[in-house]
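Next, two complexes with subunit A in common: one pairs it with subunit B, the other with subunit C.
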Partner chain A sequence: MRLAVLELRRKPLRFAVVGTALWLLTVLLLFLGGLLDGLYLGSTGVLRQQDAQLLTFSSDSRTSLIRSRIDVETRQQVEAVPGVADADGLGLALVGARVPDETEPANTAVVGYETATGSVPDPPAAGTAWADRSLEANGVSVGDVLEMGPQQVPLEVVGWIEDGNYLGQSGLWVDPATWRGILASSRPDSSLPEGTFQTLAVTVADGADPDEVAAAIDAATGGLTRTVDVEAAIGSIPGIDEQASTFNQIIGTTLLVAGVVVALFFALLTLERTRLYGVFKAIGASSRQIFASVLTQSLVITAVSFVLGTLFVELAALGIPPGAVPFQLEPARILSSLALLLVVATLGSVISLRRVTRIDPASAIG
Partner chain B sequence: MLLARSEIGRAKLRFGLLAGAVGLLVFLILFFQVLLGSLITSFIGAIREQSAPVLVYGEDARQNVAGSIITPPQVEAIAAVDGVAASAPLGEATFTMVADGEQVDASIFGFQPGGPGEPTNVVAGRLPAAPGEALASRESAQEGFGLGDTVSTASGGAELVIVGQTANSLYSAAPTLWTDFDTYGELRRAVNPDAAAVLPSLVAVQPADGVDASTLADRITAEVEGVEALTRDDAAARAPGVAEVNTSFFLVLGLTFVVVTLVVGFFFLILTVQKQDALVLLRAVGASPGYLIGNLFTQIAVVMGLGLLVAYGLLALFVSGSDAGLPLTVSVGTVLATSVAVVVLAALGASVAIVRVVREDPATVVSRQSLGGLA
Partner chain C sequence: MSALVLNNVRKVYQSGEDHIVALDHASLTVGAEEILALVGPSGSGKTTLLSIAGGLLSPSEGEVLVGGEAITAYSAKQLTDFRRNSVGFVFQSVNLVPFLNARENLLVVAEFSKREKKAARERAERLLDELGLGHRMNNLPGQLSGGERQRVAIGRALMNEPALVLIDEPTSALDTKLGEQVMELIVGEVKARNTAAVIVTHDQRMTHYADRTVAITDGVLAA
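Up next is the complex of A and B:
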């Protein structure tokens, strides 16, 4: 073990190639992971801001916010269900917004809501909006009047909120009437009458079981609604599951490559050192000790490459202009990537174990 | 190149390992490209496989079909632009359909039969000729959208009989149906009885003879207030997500190519360094640098050849076994281009080893103890 560390310290260049490859793979892993997290967070902000445990959609909407509609009568039925403490209307309109003095319109998600939820305060006055801070990248500042949709409905930004986006479009949180007006003017085929929302955010009374309340709501409306928990609603946002599975496939394959790189390098190193290890065994070293030194080296190299790769990605992320790529590197992502890489590095080194155990101490004397 | 071959013969494991690693990496590269192609086709195939060379979007939709509407005055203004031979409304929306008794999300396009914007890649059956008839994407046949099936929206409205099938014409990676614009309007109203009007999402435009599509698109954008006209190719390339998907995939591809170069390069470098004494001796007894380089290249060729075979095998296995619901297609051109690129990069990676071989000075043999020289 001491020998392994000593070699790493004295001859670091011997490990430069495998280190570089692992560094690149780290960069790739973190980049992909950060992109996946960024896409996820940017798509789901509106739903993750909900304090409510349940969301009620119309049953023919396949839990799509955009396609769902809950009228006043259905809302009253939901509110009357025992165990429902509160049911707040929520609606969404995906609209392009013209920003003063900017040529490019911004993609926005206009969110109509009734009461403060998550980190979003109560709805602002009619005709004004809390804007997600990501709109700064589009040149929006507080006090700007945006022109919404083809009819250019004016909407004034009066403050910032964080993490309130939907489907990668920047959130503009407004009162229900303002939302309904923008929806009707920008998508006449989706316009909704007074009192009708797309979905209800249902807060369950203390002590009530959310699953039972959800079932009770759907029974009370005679099957006209489908109530799911917020997690399930997030999973049914178009593209969320597909994105995750595509990225995870690529991340998995990248890990496989990292394992192969480690395996190849240490298999070669072991091959080269067969005679040397023979001598070690002849003077009393066990296979376990020799393999431990191989494993130590592979883990140290992996960890060092990982740290350098992480630093590189963090620095490169500073260079990305805000809003260009939905990249967001979460600490949890960094830790899980490190753990996975260490696991594949261990597995990769195991390839050399067979060679190490097969070495005959007698070969030392030829 | 006897030497090259016998060396491989004696060290099957190490060359086998390398060929395996190369094979995996090349497979990865090919797999990414197949996935990228099919992913993009499943998102915007419908835009590529329709007949209008120019598509007009609402300006603030930012090239997103789902976010676009064209108002009646705009529809009239577009038709009046000089160089427009024909124009027709094209509607698109996602519906909850009931197919085979199950609820499924599907994308429905409403087009004007006989006008621009018709689906072009009909692989079975025929185009819809009457209200209530529809074409469906062949990729979705298993989900209850087969030829002759009847589907409806979960909100009621007209039933659609599937009278034909398209291929590679998906939109938003969902089952995609094409029906006439009036039927489409009826379905929209069934979903939302409060709809004030059903407006077209896009206007499909056929340029007059001799009028260039991109010139006409620019003219429409300039002359009609609040719209953005794009050629078919631009509309496909600039659809939301397509550019991002492309960029991230190319980044991944680039990195993978670098890894291939590194792995191959460093393998042969180690091999060369290990054999340094032997190479010096060979030079001293008269082997030319060209002969030694020839040996090295023979080995690279063998390793890469085997690696490519492994990659093709894995790709064939994967494509035949995959059930991702995506139209996976492997293009021979892509496979060939990738193979050539990988072999060239491998040779480049091995160039460090070549330099070492060439630099061996046969005279050092007399000063190396291990070769019997004087210290």
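Up next is the complex of A and C:
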């Protein structure tokens, strides 16, 4: 192992090609991952902020927050189901907002909610909103009065929240009456009566099984509702699963290419070193020790390339104007990408194991 | 105890339908502190004999004892351990590790055998001092002359304190004067350590450095 590290330190140029390839692949991997996470987080904040385990939609809505309607009577039926600790109304209106002194309107998601959830505090006073900080990129400041929709309903921003967006539109979290008013003014055909929400965020009582409670809710409403867990509701947001599937396929292909790069490089290096490894075996090295040396080099090169690639992506991300690209590099993405790259580097190195094992120590002589 | 005993050793290679006898019922004993020169033309079987004595090849028939240790039936793993601990090799083309300096080239042996680092380092430095390379310990092989590289290779062969040193054509790449210097060095170092050595050479001018010379032709040792 010490031999492997010494060679890396003393002959770094020998590994420059594979290192550069892995650096580029790291950059690609993290950009793709960052975009995927940015799109996902920017589309799902409203649902991920829910402390509740279940969301109840009307059964004809195909679990769409926009299409769903839950009236007062249905809500009472849900609240009466054993195992339901709480059922809070949740509503959404996708509305354009005029920002003071700005020419471009901001795309917003007005979220009507009843109680504090996730990192979002209790609803502010009527006519005011907690705004997602991404609205700063649209020129919004605390204290600004936005004009919502075609009827220019005034809405004052009284504070910032984080991670409260929906479908890439910046969240404005308001009390139910304010939301209902904005929804009615911007889309009169979708206006909802007092007490009606689009969905219910259902908190399950301690000890109750969420799956059983979900089934019980839908049974209690006579099939008028469809209750799913938050994760399933996120998967129902249009495009979320398709985005993830597309990006993950590209990420998978990138990892495959990384594995092939490592495999080819070390297979060629092992071929070039057949005589040297023959000498090592002649003086007492085992195949295991030689392969450990190959593996060490592939893992160290991968790790170093990854660190440099990550630094590059982090620096490049600083240059992206706020709100221009939905790019968000999460620590979990960085760690999982490193782990996956190390796994493919290991698998790529294993290609050389057979050749190392077959090197004849007698080749050192004659 | 003899350093090396070969009893009726035969090595046969299969090439398609043909059987090629590389070593034919070879019997040989090398004393504990004896230096034996093995001479013969190319293809005579001297490298095969050296490889069998060093545990690089297993014989087809016969018995091999090195330092009293019967290695004939050893598995590949046992032979690896044997080579690591009981024999030293000096290869024809020296074969030093190009990115390691002289001292580290000796320590490679210790690394494979997981010897105690401090003791191994002291031994490597002492050996290099004795070989006249005390001032070249930190030089890479590319910065050393042919003779100096050969001396590093000798030091590497002696690192594991072997009972038997096997030396393959040590002077083939050197001119006569340098070749004689290297042979003197080999003999001096081997004798100083009360170790036995088998030196394979086709250079008859170098045989007088050995205690005894044995010729081999077509796999048969001269009586």
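The rule is short, and it goes like this: the second predicted complex is superposed on the first by the 364 of 366 C-alpha atoms of A that agree within 3 Å, B and C clash if a C-alpha of one lies under 4 Å from a C-alpha of the other, contacts with A are read in each partner's own complex, and residues count from 1 in each chain.
Following the convention adopted for this analysis, a contact is a pair of C-beta atoms (placed from the backbone, for glycine too) under 8 Å apart; a residue touches a chain by one contact, two chains touch by 3 or more.
Computed from a prediction, not measured in an experiment: that's the story for all the values here.
When the two complexes are overlaid on their common chain A, residue A:289 makes contact with subunit C while staying clear of subunit B.
In the superposition on chain A, contact of A:11 is made with subunit C only, not with subunit B.
By the touch criterion defined above, A:361 reaches subunit C but does not reach subunit B. With both structures placed on the common chain, the touch criterion links A:260 to subunit B but leaves subunit C unconnected. Once the two complexes are overlaid on the shared chain, A:67 sits against subunit B while remaining clear of subunit C.
After superposition on the shared chain, subunit A has more residues touched by B, the comparison being subunit B against subunit C.
Looking at the shared chain after the overlay, A:133 reaches neither subunit B nor subunit C. Touch criterion not met for A:333: it reaches neither subunit B nor subunit C. Subunit A contributes residues 17-18, 20-21, 24-25, 27-28, 31-32, 35, 59-62, 64, 66-67, 69, 94-98, 105, 107, 149-150, 168, 184, 186-193, 196, 238-239, 242, 246, 250, 253, 256-257, 260-261, 263-265, 267-268, 271-272, 325-326 to its touches with subunit B in the complex. Interface of subunit B with subunit A (complex): residues 14, 17-18, 20-21, 24-25, 28, 31-32, 35, 39, 58-62, 64, 66-67, 69, 71, 93-96, 103-105, 153-155, 172-174, 188-189, 191-192, 194-199, 226, 240, 244, 247-248, 251-252, 255-256, 258-259, 262-263, 265-267, 269-270, 274. Interface residues of subunit A facing subunit C in the complex, by the touch rule stated above, are 2-3, 6-7, 10-11, 275-276, 279-286, 289, 361-362, 364-366. Of all residues in subunit C, only 47, 50-51, 54, 56-57, 77, 80-81, 83-85, 89, 91-92, 95, 97, 99-100, 104, 108-109, 111-113, 156, 160, 168 touch subunit A in the complex they form.
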